[in-house]
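Next up: some structures, all given as structure tokens.
The two complexes that follow have subunit A in common; it is paired with subunit B in the first and with subunit C in the second.
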Partner chain A sequence: MTRYILRRLLQFIPVILIATFIIYAMVFAIPGDPIRALGGDRPMSEAVQQTLRDQYNLDDPLLIQYFKYMAGVAVGDFGTTFQGRPVTDIIVQRLPVTLYLAFVAVIIQIIIGVIAGTLAAIFRDRFIDRLVQVSSVLVVAVPILAIAFGLQFVFGLQLGWFPIAGIGSGFYSYILPGFVLASVSTALVARLLRNSLVETLQSDYVRTATAKGLKRSRVVGRHAMRNAMIPVVTFIGADLATMLGGAILTEAIFNLPGIGQEVFRAIQAQEGTVVVGIVTLLVLFFVVVNLIVDIAYAFLDPRIRYE
Partner chain B sequence: MSEISRAQTEQSEGSTTGRTTKEAEASLWADAWRSLRSNPWFIVSGAILVVMIVMALFPQLFTNTSPGECLLGRSRQEPSAEHWFGTDVQGCDYYTRVIYGARTSIAVGLLVALGTVVISIVLGTLAGFYGKVVDAVISRIGDMIFAVPYVLGAIVFLNVIDDRGILEVSFILTIFMWPMTMRLMRGAVMSVVNNEYVMAARALGAGNLTIMRRHILPNSLAPILGYSAILVGIIISAEAALTYLGVGLQLPSISWGLQLSNAQNYIQTYPHLMVFPLIFVALTVFAFTIMGDAIRDAIDPKAKK
Partner chain C sequence: MYRNPYETHRTLHKRLRRWHDTVSHRNRFTLPMAFTAASALVLSACGGGDDSPAADEGGSEGGSFTVWNCEPQSLTPGDSSEVCGARVLEQVFTGLTEMDYEEMEAIPGVAEDWESEDNVSWTFTLGEDWTFHNGDEVTAQSFVDAFNYTVDPDNAQANAEYYENFVGYDDVVDGETDELEGVSAPDDYTLEIELEEPFGQLPNMLSLVGFSPLPEVAFDDMDAFESSPIGNGRYQMDGDWVHDTEIHVERYDDWPGENPGLADNIEWKIYSDVSTAYMDVQAGELDILEDVPPENIDTMEGDFPDTHEFFETGTLTYLGFPTYLDDFAEEDVRHALSMAIDREEILESIFSDTMTPARSFLPPVLEEGREDACGEYCEFDPDAAADLYEEAGGPSELTVLFNSGAGHDEWVEAVTNQWQQHLPVDDVSFESMEFAQYLDDLAELDAAGPYRLGWTLSYPSAQESLEPMYSSTASRNYTGYGTDEFDDLMAEANASDPEDAVTAYQDAEDVLIDAMPSIPLWFEDQRVVHSDRVDNLGVTPRGLLQVERVEVTED
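Coming up: the complex of A and B.
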């Protein structure tokens, strides 16, 4: 197991380097001079501009700039903004909001997705199964923008149950955005679990378990679920990684001061170091989550051995 | 559908080796059409799409007012008999604005889907057919683009374009969309490239181009064509989201995304500004996605699970 983890960690290195380099190149090769933009209407003296350029290695070739930057990241230094504020500061301030949002979303995904998928599989072809299938088709087919504004409108404005913007009311503020971020994945989790559980329930060991006289709840809960959950775990893991794309939109609609909103602001303000810093962190997060998912397999399915 | 099947039939006509393929081909498409006709989801989504596409092509059929006819004096009126959807901030008839929005959204959706599908078919076929270096180069480029979340990538690029119209937005979306469908095409090609009929054609002396055109393409197009309608839905939804964020289309374009982004400031006071474009964008994306699901199930039963 240790050897497997080490090997996987080594494989991550090229993935991380390539993904971060693309972002770096995209952000720093785009036209426009961030230093000149920094001065705004009042032009800065050449000397000041030159000092700043040296400080951020802007005169080096792109590849050298990138390696100098990554050398910093390796020791935990994500650089500073052009105003001199450490990017790590911004991350520490913004990340909890996004993590909280992602956490709420994953919980919703697991609770609703798993309950709906299990019920649909147990009552296969009955009303509840049809209901789960139709509603999952509907949720996937409607654009996320419509789901967001729809929830905001009905539960936020008409019923007044939840706040529609900001994080002023703690946990309550995260419920609507959590549902929005989780919506599509919840539907997919339900569908995926239903199909895999239906298949598992027809297998021999489930029949054996039933024949031994075990209670239905134990057959489904202990014997069938463990195997049926494997594809679901992979999906949820992979989905965590794509949440950033969703977080940019969700945080914009609900005005949450998270990392998605910060990335968007930084892109518009051409603050390359902030963009690259946050994205690098997210790529790292993505690889680590994937590794954890793979290790979780071994616990769910003892047949899987990593050597 | 019928156009595709006609193209397929024409393609295999006139070739002696293609005769059996032609009959199999024709019955495949006929089968697909038969199962589609009896699918209620297909009928419903088809009806919505016909209305939306007519709306996009001939908005004049739905309204007599011009979208540019705005009077500040009647700004932000509630829906009434005169203005069915009320009026917006500029005092334009909102019903007209929403109707004219269909053209922009559907144009972006179809343009990007067309570009993506064409690029994917060409590159996917090359990668799957030649393998080795060609495959490695195409697939790695695809992987690199795939590694960047497309919302993020699109925002970075769109942000530096000052003047963003339908073409600019479509171009950027295409760049980030093609790797996904290219993989689909590549996989389909790889699954047929070693079939006996391909080897037979090669043994008979057919050139690479002939093999690709006559044997590979007809047998590997189903997955990507089945996916293309779903793709249109994804694109329309992405365009609306990017425009809403402020990096997509700009005024004077008339777009649902722009209407939503303006309406958000008035969500408490004038909710009708939000509700109407939202219903239209939701219906359109819904129809394309459902239609795509139905078509995919019909022409590519292997993908159904």
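Coming up: the complex of A and C.
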């Protein structure tokens, strides 16, 4: 197992290198001069623009720019925005917000999704099953913007239970956006788990367990659930990684200063260093989460072993 | 906040649709982002520090309020050229002059008095009781040092170009020296400025934050300074600038000027999405939103029956012509295109009539501005337009350009439809591109057709609304237009004293109208909504809320 993890960790290095280069190249390829656009409808003087272009190596060819950037990274300098704000500062400020949001969303997803999915599987074809099926289709079908606005309007504006925007109220601030971010995935988790559990409950080993006279709760909880959860864990793992980078819309609507919005802004402003810094971090998250998911398999299903 | 349920449902539906349009269809995001320190669970409105006795006396002084802002690009005065930063910096710093927005004239700031014989050599006499928020005295040297820092290209300050008329600017930009030859401080309270060309509008220009004084401590580490700038303005920073989140200031009681700020505390909450801020005002979590987004216009009167206001600004939206192309080289082609636009219809159908149709280059909010300076050329007259277009040999195909993702799609399309309908043309199309690429094409004089641009007055002056775009030497003249006649009239107006300048600038404007290098479309009206805790709102021609005069009426 340790060797397996080590090998996987070593694989991160080329993945990260390739990712940084591809991202850098893509930002580089966006047409237009970002420095001229910096001043909006009123560009700065030519001398100032030139100073900035030199400062950010924008006149260099792609490879030179990239190597200069990586040389900085090697000594711990992750670059700055065009306004001179260090990328590390931005990450330190924004990452916790995004992590918190993703964490809340995953918790919601697990609690509601797993409960709904399990109940639906146990009471298969009964009312509760139908209810879960219909409501999950509904949630997936409604655009996320509508969900966000609806929640904001009802629970924020009309009832006043939760803040409409911002993170000023700590945990309360994350509940509405957490629900929005989790909504579609929760529905998918419920459906995924239901189907997987229904299938598992019909398998031979579960029948054996039942025949041995084990209690129903033990059969479902210990024997069936562990197998049925494998696809769900895979899904939640992938989803968590997506949430960390893809919460742009939710962050914007609820005014949460997270990572997603900054990536969006930086891409528009063509700030290569910022985009690369943050996206690389996200890539890192993605591979780490994947590794954790793979390791989790081994615990869920003893037949899976890593050499 | 009780409403009838039908109304609520309808508003919800309406807003939903618009929201969807905004984000997915037009893909329009406001870039800066942040959060608000607000809890709907806390019933009381945002307060804190409201224990000032003055608030009880007349409701005019004291108290605190929250106001919307976007994330500033910078809080270094010399490097702040956009409005998000200016909202804060205009309060934290006071320059040599300030603007009286009623009279539209420069009034004393740190400078008590100024004089110039020829509008070339200027002498400013500074007040002696001005201090920075850290207690340091504000002297003429504070200005000299700040000016030199701002111009030095090594510091890459966005406002450097405003100094280009100062003697020695070119030498500093070329790196030959670090100090502007034309700025000197013969003693602590006298500042002398020497210009290359006579410029009677200098006192107006000096009200810009880019001409603020800096305390000595700033030069030790400008990046650190920026996170909590120490200025000499009505308000001082209360804590650090919390990026994308909030900026707090408190009144600086030792500010020696005429009109100190009224409220004790001002709290800017930084939002990423203006519609979210709008909802926060509805929920009572935010006191003032000074720029209601277009998608909320229709519901604004219903949501805020007594607390919404409109203010005219000097911000002009226009269509520029690439006069360097044969297709648009004829003045009458440009006139015809202007006459074929029904401004009223576009404003009514797209902006719910909340903009002012422009029939002049000079904004009517300025003293020089004449509402109908343009005459027939800005009047919708499809028949005359078609005849004129035919006669002048206008192109049979044209493409209107605009930058994407900034909410211009709808009205640009409306303009192309009107041209298609009213002019003898085969095909009018429109094309959008990312802003950076768009500007490249404009700046390199490589635009394929009329293009959309906007112009905000950094300081209220007729010069500022004409010269940067139409003078033959201006770097932002993307039209290719440039005539000695216009340049000479501008120079003449710039050389006049303010009282004589009015007609001089109008003469220059008349030349522009005859040539029409661009079509003025409309001046932006700012739509403000607020809570009933605040009163006495005003907006400058640049579109900035005058937070210093806002009165908090209840705590």
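Methods note: the second predicted complex is superposed on the first by the 259 of 307 C-alpha atoms of A that agree within 3 Å, B and C clash if a C-alpha of one lies under 4 Å from a C-alpha of the other, contacts with A are read in each partner's own complex, and residues count from 1 in each chain.
To be clear about the criterion, a contact is a pair of C-beta atoms (placed from the backbone, for glycine too) under 8 Å apart; a residue touches a chain by one contact, two chains touch by 3 or more.
Computed from a predicted model, the values in this text were never measured in an experiment.
Visitor: In the overlaid three-chain picture, which partner chain does A:Leu157 touch, first (subunit B) or second (subunit C), both, or neither?
Guide: both
Visitor: Please work out whether A:Gln261 is in contact with subunit B alone, subunit C alone, both, or neither, and reply first, second, both or neither.
Guide: second
Visitor: Which holds for A:Thr242: it touches subunit B only (first), subunit C only (second), both, or neither?
Guide: first
Visitor: Touch test for A:Val279: subunit B only (first), subunit C only (second), both, or neither?
Guide: The first partner, subunit B, only.
Visitor: Of the partners subunit B and subunit C, which touch A:Arg85 in the superposed model: first, second, both, neither?
Guide: A:Arg85: touches subunit C, not subunit B.
Visitor: Touching A:Val132 in the superposition: subunit B (first), subunit C (second), both, neither?
Guide: In the superposition, A:Val132 contacts neither subunit B nor subunit C.
Visitor: Is A:Val184 in contact with subunit B, with subunit C, with both, or with neither (first, second, both, neither)?
Guide: A:Val184 sits against neither subunit B nor subunit C.
Visitor: Does subunit B (first) or subunit C (second) touch A:Met225, or do both, or does neither?
Guide: In the superposition, A:Met225 touches no partner, neither subunit B nor subunit C.
Visitor: Please indicate which partner A:Leu145 is in contact with in the superposed arrangement: first for subunit B, second for subunit C, both, or neither.
Guide: After superposing on A, A:Leu145 lies in contact with both subunit B and subunit C.
Visitor: For the three-chain arrangement built by superposition, which of subunit B and subunit C touches the greater number of subunit A residues?
Guide: Comparing touch counts on subunit A for subunit B and subunit C gives C.
Visitor: Can you list the residues of subunit A that meet both subunit B and subunit C?
Guide: Correct list for subunit A: 30-32, 143, 145-146, 149-150, 152-153, 157, 164, 249, 252-253, 264, 268.
Visitor: For the complex, give me every residue of subunit A touching subunit C.
Guide: 30-34, 36-48, 50-52, 55, 83-85, 89-90, 93-94, 97, 143, 145-146, 149-150, 152-153, 156-158, 160-169, 172-173, 249, 251-257, 261-262, 264-265, 268-270
Visitor: Spell out the residues on subunit C that touch subunit A in their complex, using ranges where they run on.
Guide: The touching residues are 1, 8, 12, 15-16, 19-20, 23-24, 29, 31-42, 73-74, 79, 81-82, 153-154, 156-158, 160-161, 164, 173, 223, 243-245, 269, 271-273, 276-277, 279-280, 282-283, 285, 405, 433-440, 443, 453-456, 458, 468, 475-476.
Visitor: For a test of understanding, state which residues of subunit A touch subunit B in their complex under the given definition.
Guide: These residues of subunit A touch subunit B: 15, 18-19, 22-23, 26-27, 30-32, 137-138, 140-146, 149-150, 152-153, 157, 164, 195, 242, 244-246, 248-249, 252-253, 263-264, 267-268, 275, 279.
Visitor: Show which residues of subunit B lie in contact with subunit A when the two form their complex.
Guide: 41, 144, 147-153, 155-157, 159-160, 233, 236-237, 240-241, 244-245, 247, 257, 260, 264, 267-268, 271, 274-275, 278, 281-282, 285-286, 289-290, 293, 305
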